[in-house]
C-alpha cells in the first residue's frame, strides 16, 4: 500500500513537472534555433536595422518592422477595448441591476469564446469593406480593421476581469462614498476605480499580452508586408503573421529561413513573458492587500 | 483507365507549387471517382519547398512552376532518387492591378525591372517614380513568396537573376492571398499565374507587358490563353511541371495516378485557366513515363 | 445647486454612455452572427456536411474538417485530461507550500499566457521534427494538449480547492490514505467542476488555428483520417483556407463552415455552463 | 429644558427585502439636537431602519418601503427629493471604519470636492475644523498627506466622523460606530458623541446597553422588525413598560 | 470502581505551528472506557491537542511535536507507526457534521471499504450495527441509499459517529461534536456519549461547561497552550485548585 502511494504520488509529481518541461521546451526550442540565427546575424542589426527581408536576395534582418506592426495592431485593439471594456465594467457594477449583470456578463464573454479565425473572416469580409467606404484608398489588408476586430474580441477580458476587481472592493467604501452624497459616477471614478486599480491594470496587461500574441485575425486581415510604419491603412506584418507566412511555405529545418521564425518567436515570447509576469506580480501584491 | 472504380489502395503525397496546384487539385479530385481508396494529399508550399521535400524523398510527386535546379538535383542523387520531369501545361505569368486603376494600361519590362530589382528596395515607393504621369501615390506591391517557382521565374525573366528582388512587398506562397490583396487595394500591383487571374477576372485588371522586341508580337501584350499559346506573351510565358521520383513509382497507385494525370491534364488545365500542351506532347510524356516506371527511363531524367 | 445639477447630469450621461458601450459589444456580436448565418445558411445542408473538399465551391464540403476536429477533440482529451488533472491534483493536494510550489504556480500562470503560435513552434520542433510524427493528428493533438494544459490545471486546482477541508479530515480520520482520500472523496466531489473546466479548455482547442498551421496541417486532404498518424484538416483550417480565397462562393463556404464551428464551440460552452449551474445547485457545503 | 423641534419622523413605515418584511409599521418622532439610540437583538432591523433616513437602502435590489420618513417635516421618499442633497443633510458613520484609500486630507475634503469646491484655502479651513470637531486634529495635523489606512482603528473611525462633519449635515447616523474598536477608542468616540449633540441630531445603533445608557437621551427598542418601546433612556433602563424590553435589557436573550 | 487501565498518555508534549508554540509541556494520563473533557477558552490548544492523538495534524505544513503520545503504552509518533492503522484504532468526530456527499450506507461502510472489505453481507451487517450503536438505525433504515446530505444536522452528526464506530476503534475523539446542533440533537448526542463509554475511551472537546459536567468523568482545563488543571469532573467544577480555572468556569473570561 505504501509503495503504491509513493508510485501514485510520483506519477502526479511527474505530471506537474511536465509543465516545467513544457516551459523549458519552449525556451530551449526558441533559443537553440535562434542562437543559430544570431550566429549569422548580429543582435545589433536585429534590433536596429529598419527593414525585415530575410527571405530575399537583399537580406535585411531588422525586427523593428514586425514589432511595429505588432504594436500598431495591439494599440488599435487596446484603444477599442480599454474604453469600452472599462465603461462596461463600471456600468455593470455601479449602474446595472444584478439581474442584468448576470445576463450581460456571460453574453459578453461569448465574444471571447469565438475562434479567432472567425474574427479574421469578419475583419476581412465585413469590417474592411465597411471601412473602405468611409476611408477611400484604404488597402484591403490593413492594421485598422484587424486591430478593431481584435479589440472587440478582447473587450470581455477587460470588462469581466475589471468588473471582478471592482466588485471585490469592500462594500463599505462604496457606502462611504454614497453616504457623502456622491453620485454613482463620482463613486465609481472617485473611489471604486482607484481602489480596484491594480486589478484593472492586471486585466489590461493580460489583454495587451493577448493582443500581442494574436495570430489569425492579423494573418487574415492585416497583410503580410513588414513595414516600419504607424499608418493603419496599409498592409503591415506582425511577428505572428510572419511565423504563419513562413510556416505555410514549409521551410526546411536548419535553413536560415527556418531560424528566422524562431528568432521572431523568441521576440514575441519575451514580450508576452514580460507582460504575464508583470500581471502575475501585480496580482500577488493586490491579493495581499484585500485579504 | 476510364472504366472507373479501381480497387487500388494506398496514398500519393504531393506538394509544391501553388501555380500548378489548381491543376493537380482538379486531377486529384477527379481521381477520387477513379480510385476512391487511394488517398491523395496535395500541399501548397511553393516550388522551392516542394523540391526540397521531393529530393529528400518525403513526397512522391512535386508540383513545379520552374525546372529543378542543380542543388536540388544533387540532393536527390545523394538520396538515391531518380526522377522524371513531366510538363503538364503552359502558364502566362500575369501582371495585375486593381480594376479601378485607370492609369496603368501597359508596362515595359524595363519598368518592371525598375520596380522589382533589389536596388528598388525602400527607394521606389510611389507610382510617379515609374512614370511621371502616373499619380503621386504610394505603390503597394504583391508577389509570390521566395519558395515559389513563379517568383524565381519572374526574377529571372525581369530582373535577370533568379531569386533576386526587393524584399519590401507583400509576399505569400498562397496566390489567393495576392488576389485578395490586389483586388482590394487601389494602389496595388502584383503578379501570379494566369489561372488565378482567369478565376478572378472581375476583381483584377491584367496589365499588358511590352518586352521591347517586336519579333514576337508588336507592342504591349496582355496574358491570355491565345497570347501564351502563340508565344507572343513574352518573356513571362513558361511551362508547368510535375516531378515523379523513382521510389514512388514502385507503388501502383502512384503510377496509376500519374497516368490518370496525363490523360486528363489537357482538359483540366484548360478548365482551371492554363494552356494545355499539344496532344502529341502528352502522348510523348506517357511513353516516357512508362519507360521510367519500367526502370529504363531513369537515364532520361535530367542530368 | 448648479454644481450638483451638473453632477447629476454627468451621472446620467455616463449611464447612457454605459448602456451604449455595453450594447455596442452585444450588437456587434449580433450583427456578426446574423451576417454569418445569412451568408452561410444557404450553403449549410446535408451535402455540405458529408462532402469532401473540392475545387468547385458548390461541390465542396466539410466532411474531412469536422471529422478531423472530432479526432483532435478525442485525442486531445485523452492526452490533456489525465495530465492536467494529475498535475492539478499534485499542486493542490500533494505539493507542499514553498519555493517549488510557488515556482510551479508562476510557471503555469506563464504558460497560460504564452501565445498559441509559440506552442505551434514547440510542436513543430519537438513532435513534427524530433519525434518524426509529421503533420499528423497525433502531432496536432499533442501540441494542442500542451496548449490547454495550463487551463485544465488551473480549473482543476480551483475545483479541488472548493472541496471543504472537513471532507478530507473525515476520510483521513477513518484511516484512509492520501490517495484513497483523493480518489474516493476529493475527485468525486470536484468532478463536475473539473469537467466544466476541461470542456471549456477543449472549446478553446477546437477553435485554434495558428499552432496547427505552424506544424504544417494546411494541405489539401481529401479523405477522413483513420489513424492518429494520418494527416488531417480541421474546421478552423478549412475556414482559413476558404477565407483566403477571393471568390465569393468560397467565402460563402467559409461562412457555412463557421456556423458548424460555432455550433461546436457554443455547444461545448453550453454544456460547461449547464454543468456548472447544476453543480452549484447540487452541492452546498 | 425647552421643548425642541421634531427633526426626524417615521410614519407607518414598512420596509421589505423582496418578500421579507423587515420593518413593520414603525412610528417614531426624534428630537433635534438629541441622541437617540436604537437597540435590539441582531437582525431585528435597526440598521435597516437607520438606513432609511438617508436612503442608503435605495441601491439594494428588491428593497422597498411604504409609509413616510420626514426630515424637518418633508417626506424624503418623495419623487422630487434628490438623494445626493439628502445625504449632505444626513451624514452617516458605519460600523467598520471605512476611510478611502487616500490621504487623510483627501478623506476629509472628499464631500466638499465632489460638490465642486476646489479652492485650496476653503478646503484646508474645512478640514481643520472638521478634524478638530472630531477630536482628531492634534493627532493628525502633521501628517495630513499620509494615507488614512495607516491610522489606528479608533483614529480611522474619528476620521470617518470628521469626513461626515465636513459637509455640515444636521443629522448624523451612526451604525454601531464603536463596535469594532478597543475600549479606549470607544470611550473617545462616546465623548465625541456627547460633544456633537450640541450641534447635531444623532441617531446611533448599538449592541452595547451600557453605551446606549451613557450617550443617548432617548432609546428605541426593536424586536423582529417592530418598534417595541421608545422612551427616555433613563426611564427605559429603569422601568421598561414591556416585558420583552425588560428581558432584553437584562440580557435574557439577544 | 476498580482501577482502570491507562489508555492514552501524553508525556512532555510540545507542539508547534511553525514558530508558534501551541502546546507547552503537556503531561496527562487518560483512563480506558472513560470520558475525558477538554475545556478552555478559544485558541488555547484543545483541538490541537486532541488531534495529536490520531495524528490528524500531520498534514499541516509546519506543524511538529516533541514529547510522546502513548496509546496503550506505545508511542504513536514512532517512525514505524502507520497512521492509517492508528486511525482505525482512534476514531474521530468533528465539530461540524461532515458526512461524505454519498449515500448513508456508503458513509458508514467507507472505513471498511478502504480496508479492502468488499463483501456485501459483511458491510451490511457492520452498517446496521454501527447505526444502531449510534442510535440512528431506526431513523434511517429505510433510506440507506439516500444522500447523507439530506439528513438533519443532528442526524448527520450521529451518522459521523456511526461511521467512526464502523471500523471498531477503541478510542473516540470528539471535537465539539454538538456545538453546531440544536438543543434536542445535542441532548441525543450527549446520551449517546454516555452509552458509548461502556465500550470506548472517549475524549471530548467542548465549550459548554454544563455539557462537560454532564458527560465527562474527568476534565482537563487548558489555557494558552498549557494544561492548567486536570481532575475528576466533579472535583473540578466544585473546588478547582487554580484561580484561572475558577475564573473560567464561572464565566469571567473566555
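Each chain gets a letter, A, B, C, D and E, in the order it is written, and its residues are counted from 1.
Following the convention adopted for this analysis, a residue touches a chain if its C-beta (ideal position, glycine included) is under 8 Å from a C-beta of that chain, and two chains touch if they have at least 3 such contacts.
Model, not experiment: these values are computed from the prediction.
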Worksheet, complete the sentence: Contact steps required, at the very least, to link chain A with chain D come to 1
Worksheet, complete the sentence: Ordered by label, the neighbours common to chain C and chain D are A
Discussion item. Between A-B and B-C, which chain pair is linked by the larger number of C-beta contacts?
Written reply: A-B
Worksheet, complete the sentence: Of all chains, the one whose CA centroid lies most distant from that of chain E is B
Practice prompt. Return the distance between the CA-based centres of chain C and chain E, expressed in whole Å.
Written response: 47
Discussion item. With centres defined as the mean C-alpha position, give me the chain A-chain E separation in Å.
Written reply: 55
Worksheet entry | Distance from chain D to chain B - Cα centre to Cα centre, in angstrom | 85
Discussion item. Suppose each chain is reduced to the average of its Cα coordinates; what separation in Å results between chain A and chain C?
Written reply: 17
Practice prompt. List, in ascending order, every residue of chain E touching at least 2 other chains.
Written response: 84
Fill in: Residue numbers of chain B (touch at least two other chains)
15, 43-44, 174, 177, 180, 183
Response to the item:
By the touch definition above, chain A meets two or more other chains at residues 1, 124, 183, 186, 248, 250
Response to the item:
Every chain pair meeting the touch definition is listed as A-B, A-C, A-D, B-C, C-D, C-E
Item to complete: Would you pull the chain D residues touching chain A in the complex into a rising list?
Response: 54, 56, 59, 61, 83-88, 91-92, 94, 96, 98-102, 110-111, 114-115, 160, 163-164, 167
Item to complete: Flag every residue of chain A that touches chain B in the complex, lowest number first.
Response: 51-60, 124, 128, 132, 136-137, 139-141, 223-227, 234-235, 245, 248-252, 257
Discussion item. Under the stated contact criterion, what part of chain B meets chain C in this complex?
Written reply: 15, 21-22, 25-26, 28-29, 32, 39-44, 174, 176-177, 179-180, 183, 199-200, 203, 272
Worksheet, complete the sentence: So, in the complex, the side of chain A touching chain D is made of residues 97-99, 170, 172-173, 175-183, 186, 190-191, 194-195
Practice prompt. Give every residue of chain C touching chain A within the complex, in rising order.
Written response: 7-8, 10-11, 14-15, 17-19, 21-22, 24-26, 28-29, 31-32, 35-36, 82-84, 86-87, 89-91, 94-95, 104, 106-122, 124-126, 129, 146, 149-150, 153, 177-179, 203-204, 206-210, 213-214, 216, 218, 236, 239-240, 243-244, 251, 254-255, 258, 261-262, 265-266, 269, 273
